[in-house]
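You will see two complexes here that share chain A, one where it goes with chain B and one where it goes with chain C.
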Partner chain A sequence: MADTVQNYVELHDINKNYGDFQASHQINFGIEKGKLVALLGPSGSGKTTILRMIAGLETPDSGEIKIDGQVVNHIPANKRGIGFVFQSYALFRYMTVYDNIAMGLQIQKVPKQQIKERVTELLDLVSLKGLENRYPNQLSGGQRQRVAFARAIAPNPQLLLLDEPFAAIDAKVRQELRSWLKEMIGKLGITSIFVTHDQDEAMEVADEIILTNRGRIEQIGSPSEIYTYPKTAFTASFFGQNAQLEGYQAFHTFGDVPGADKALIRPEFVKVYKLDEKQQYPESASIGTVEQISFRGDRTELQINVNGLLITAKRNLGESPIAVGEQVKVFLYRIFVLKGEEVILLENEAVNSNYFNI
Partner chain B sequence: MGHLFKEKKKRSGGSRLSCIAMIGPVVVWMLLFLLVPLLYVICISFLSKNSYGGAGLPVTLQGYLGMLQSEYGRIFLQSLWLSGKTTLICLLFGYPFAWIIAHAPKKWKPFLLLLLMLPFWINSMIRIYGWITLLRSQGVVNQMLMAAGLIQKPLDILYTDGAVLFGMVYDLLPFTVLPIYTSIEKLDHSLVEAAQDLGAGKWHVFTRVILPQTMPGIFAGSIQTFIPSLGLFYISDMMGGAKTMYIGNLIKNQFLSARNWPLGAALSIVLILITLMLMRLYTKVGSLDDMV
Partner chain C sequence: MGRKNDGVLKWTLIAICAIFLFIMLILPLIYIVATALREGFGAYAAALSDEYARKAVGLTIKATLWAVGLNTVFGICAAWCITKFNFKGKKIISTLIDLPLTVSPIIAGLIFVLTFGRQSFLYDYLKAAGISIIFAVPGVILATIFVTFPYISREIIPVLNAQGTDEEEAAALMGAKTFTIFRKVTFPHIKWALLYGVVLCTARAMGEFGAVSVLSGHLRGKTNTMPLYIELLYQGYDFTGAFAVSSLLVIMAVIVLALRSILEYKGKKESEQDR
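Then we have the complex of A and B:
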């Protein structure tokens, strides 16, 4: 990792074991000040462990954690000045909303009047005005989440950590809270790391994604970078709505990668034509049968059987409808070929022969 | 709380008959061994003392009026004071005790809990006799101290108010420890971590997170200690040499030596009322427990 950019948070060669289990293996990354970063990965991949080590709630077995240029390995959690929003919120059940939010400031012995001003300001910020005398069990999930957020930022932390902040909230409110949180963190300018297992959430909210898998980091990059140019087989298969193909060579217009025969196809790589529709590259399309159609609101999703390989494709509502059992032409723009841990992006040679634009 | 109870009753309901079959024996038992003696005591408390040392007609308020003597008021206060001290000391020792058990390695816990319960298997009076043989002037403790040359003549350990307090604490400590232990076991550790992230050191973690969460246990433990301590007459008899009078002794004496049954019964009724009031507090704590 280049030291040219001054990172606010840096992890160097972090390892952490629970007994024989390797929860973190050689974790390295840096986060620039003011960035909103997602730690993304499947459940059990070690995201929470990383977050807890940064917060000081867990001690790494080896490696260095730096915050603002200072090694913090031996600084206890209560001296790190980091805000933490727990997955289960961990609100103090026996305290009112007001006292929950005020707790950090009370510990710092901030004068009462100042605490009152700050809490009032925060209640306003998270739209909980009038609820300050309620107890956590008298709030909805979304309200609790906002109390947890207000409590964490009340002492003005320079770094905010959020563990699955939306996991316990129902789908509809979750969408609102995502945009709310992104806006809020942008406004406050706090360097933030949030954990999620939801790729859509990470891509929508984060400036940068750190993808974890089995205690290791698979890839780091901006959402579009990591989505479009996966560097490992895991990354390629984690993002998007992939169909896996055994024996991709059946689609003869792709180059051959020696030693590999698995490929991933995302729906956006596929174009479907009715037999009578005009098509740009007629010689390189395959014929398939539509097996299933699911309505998705703004589009339909087709499951197409091409020589025994099942491919998912999308079709916009404006296009002429296709029926189950119909024969269609299927054209693949590109595929991800998997070779062990590697992933190779192959373009359809028919496209390449005409023009080089992707 | 009340509505929770109703729900439970509805669920376990089944048929009315099976319900009666289930609680029937309990009701009979309660009637026979609780309600009947209680009614008997209430009746006696309104009778007058007769010349044979029992109770008889006419119906009077003698028993209750007799309680108004300033001496008895003092004894009541003394008892409350002793019980209060006992409860406080039990809390001071019991809390760390419960904490140690709750944080002991998993395989040790059942053993430590067993040690705590072990005294229950031996009659409490016998255990008090044990202490007497240890603490009396020719007892093991004094002999050892003299043999070691630490003291010249035996210390007066036994038959002091301190000895009574010690005996009470010894006898009731498990009642304090168990509810506190339960509440410590239930502690939500993520709240401790949340407080640490907000900058809380050991002191704030204890006062702002651990204490409030274990308050129901502290409350329950206090009441479970305080109530039985009010009626423990034999400890002050045996370890205090009956030098200072407490409610328990007073009641016992009215029935066995002073032979004033109406007064004894009236005192009992007042003690029961105090206890009931405390029990009410206790059920309030139950609903507090739901919240924490």
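Then we have the complex of A and C:
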């Protein structure tokens, strides 16, 4: 976001209303050339609206959109050098795969021979050779997505926008396509923004995440940054497998935050020991009862009741097994304390004898 | 509920439908043909080759072509703007389009008489321009257009609504011009619905009596359409003539009905493929 870096896409103070509903509120961000960025947020938080404004399919009420250093507010969508993959792909139903991919080039009046070469090259790239005469309804979800991708990049756009590119695909194939898309975009080196409501997807695929909430941007950062150091209560509660904890003071050796509402803990913040197991900070562990155990393949997930507070913890398969009803020692490394919109990361003082505000 | 009871119910219902259709449809059709041929083929042929009869057929075809042509253009435009754009007054327009279905055709005719007749402020201008609408062919065509204009747009609107605007947006992003978008993206979607609407519109236009009756003035050989001419013959006790022309109208209707079934079948097959 620093001004010294030349951003390829920049949004300055963008606002957008639909009637009296504010879909975008003071949106500011910049994206470096060649980066793959995720617009992440819950459904209805305004992700698609931002993407459509960058594409030129919607007009912001105020603010400036720059692409490659040029203000594009008044440049029509088809002159912005953008490829767009729609949420439901919007493939032309009555055209073959070939014609779908060729359409953009045909409109630009590219010579037939050249179109043929380019489409063949793209069919090869997205591994759809031999399917060029099929219609979209004769393809699987994953194949349709690849056609949509090929169609979007056919005219060599400088910026690729993708709206929920994996939403319409079976969970099984989705994983595969995520890596495929990341690899493909990396290979092409094209600056890309994709919309998603799935935190795992954003963290796995994106170089950078822009987190949206109710038409505003909550936080921008790399996946690890935004996951580990949330700056707002919303960000902290959006990521990870959070459990809410009312009255965290019941646990030992955490500093007190005046006026705090509640705390969040993630399973990775928790360490569980059997009563007879050795532990590093015995004085700061609490005793709880295991209420439920779920098998998760590579590990087990425990629901533990500590003085009426329910805590989720993980335990690796290699560790000695724990049974339902068993008494265990629970140690919390850290917690997120929420205070209004703020979040404060508290480390267990047994580990790190002071807490700090971030 | 036993199976046996179901069987009884089924056959009772089938019988009721069959008897109803026979009395309401088959019998009258047989009667039309029988009466038309009562005085032999010679009289039947003579009644059809009568100059006024031929003029009436000509006018009906002319009015139908005009109505279908203009309503196709209007229907596509209306359906397009209602489904692809958001604007104030959209609800009002889509309600108004259905008006001819609810207003009695006689009243529709009277509205045009009031709008273009002697009482109207438009009358002097029209007269000065040498245009006569009331009791003239333009009036007949106007009335036909009015009563049939909802048919085409009503068929297209649901199809366009179901499709959404994504594909058009995708094409627009590529820089396609509006007409290209219509031709390559929108039209293939609405093709069958449009043809179906055209067929319905044709059927309705050919048979229109009420509104046309008010505007035509019943000038034999000039402003009489087939339905009006049939009535004229009937009032004059020329049963052979009336039923001969009627049989012609029935044949035209049956052809249209057959076309309708074919279109419905083809359209359905194609939309099934979509899934």
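One rule holds in what follows: the second predicted complex is superposed on the first by the 349 of 358 C-alpha atoms of A that agree within 3 Å, B and C clash if a C-alpha of one lies under 4 Å from a C-alpha of the other, contacts with A are read in each partner's own complex, and residues count from 1 in each chain.
As a convention for this text, contacts are C-beta pairs under 8 Å (C-beta built on N, C-alpha and C of every residue); 3 or more make two chains touch, one makes a residue touch a chain.
Values in this document were obtained by computation on a predicted structure and should not be read as measured data.
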Next item on the list: Assess the superposed three-chain arrangement around chain A: do chain B and chain C clash, or do they fit?
Entry: clash
Check: In the superposed arrangement, does A:A90 touch chain B (first), chain C (second), both or neither?
Finding: both
Note to self: Which partner chains sit in contact with A:L57 here, chain B, chain C, both or neither? Use first/second/both/neither.
What the structure shows: both
Next item on the list: Could you say whether A:N316 touches chain B, chain C, both of them, or neither, answering first, second, both or neither?
Entry: neither
Note to self: Quick check for you: in the superposed arrangement, does A:G104 touch first (chain B), second (chain C), both or neither?
What the structure shows: both
Next item on the list: Check whether A:Q113 is in contact with chain B, with chain C, with both or with neither, and answer first, second, both or neither.
Entry: neither
Check: Once the shared chain is lined up, is A:A77 touching chain B (first), chain C (second), both, or neither of them?
Finding: both
Margin query: After overlaying the two complexes on chain A, where does the chain B footprint on chain A coincide with the chain C footprint?
Written below: 55-57, 77-79, 82, 84, 86, 88, 90-95, 103-104, 107-108, 137, 151, 155
Check: Taking the complex as given, what residues does chain A use to touch chain C?
Finding: 55-57, 77-79, 82, 84, 86, 88, 90-95, 103-104, 107-108, 137, 151, 155
Margin query: For the complex, give me every residue of chain C touching chain A.
Written below: 166-167, 169-176, 180, 184-185, 188-189, 273-275
Note to self: For a test of understanding, state which residues of chain B touch chain A in their complex under the given definition.
What the structure shows: 188, 190-191, 193-201, 204, 208-209, 212-213, 215, 291-292
Check: For chain A, which residues are in contact with chain B within the complex?
Finding: 55-57, 76-79, 81-84, 86, 88, 90-95, 103-104, 107-108, 135, 137, 151-152, 155
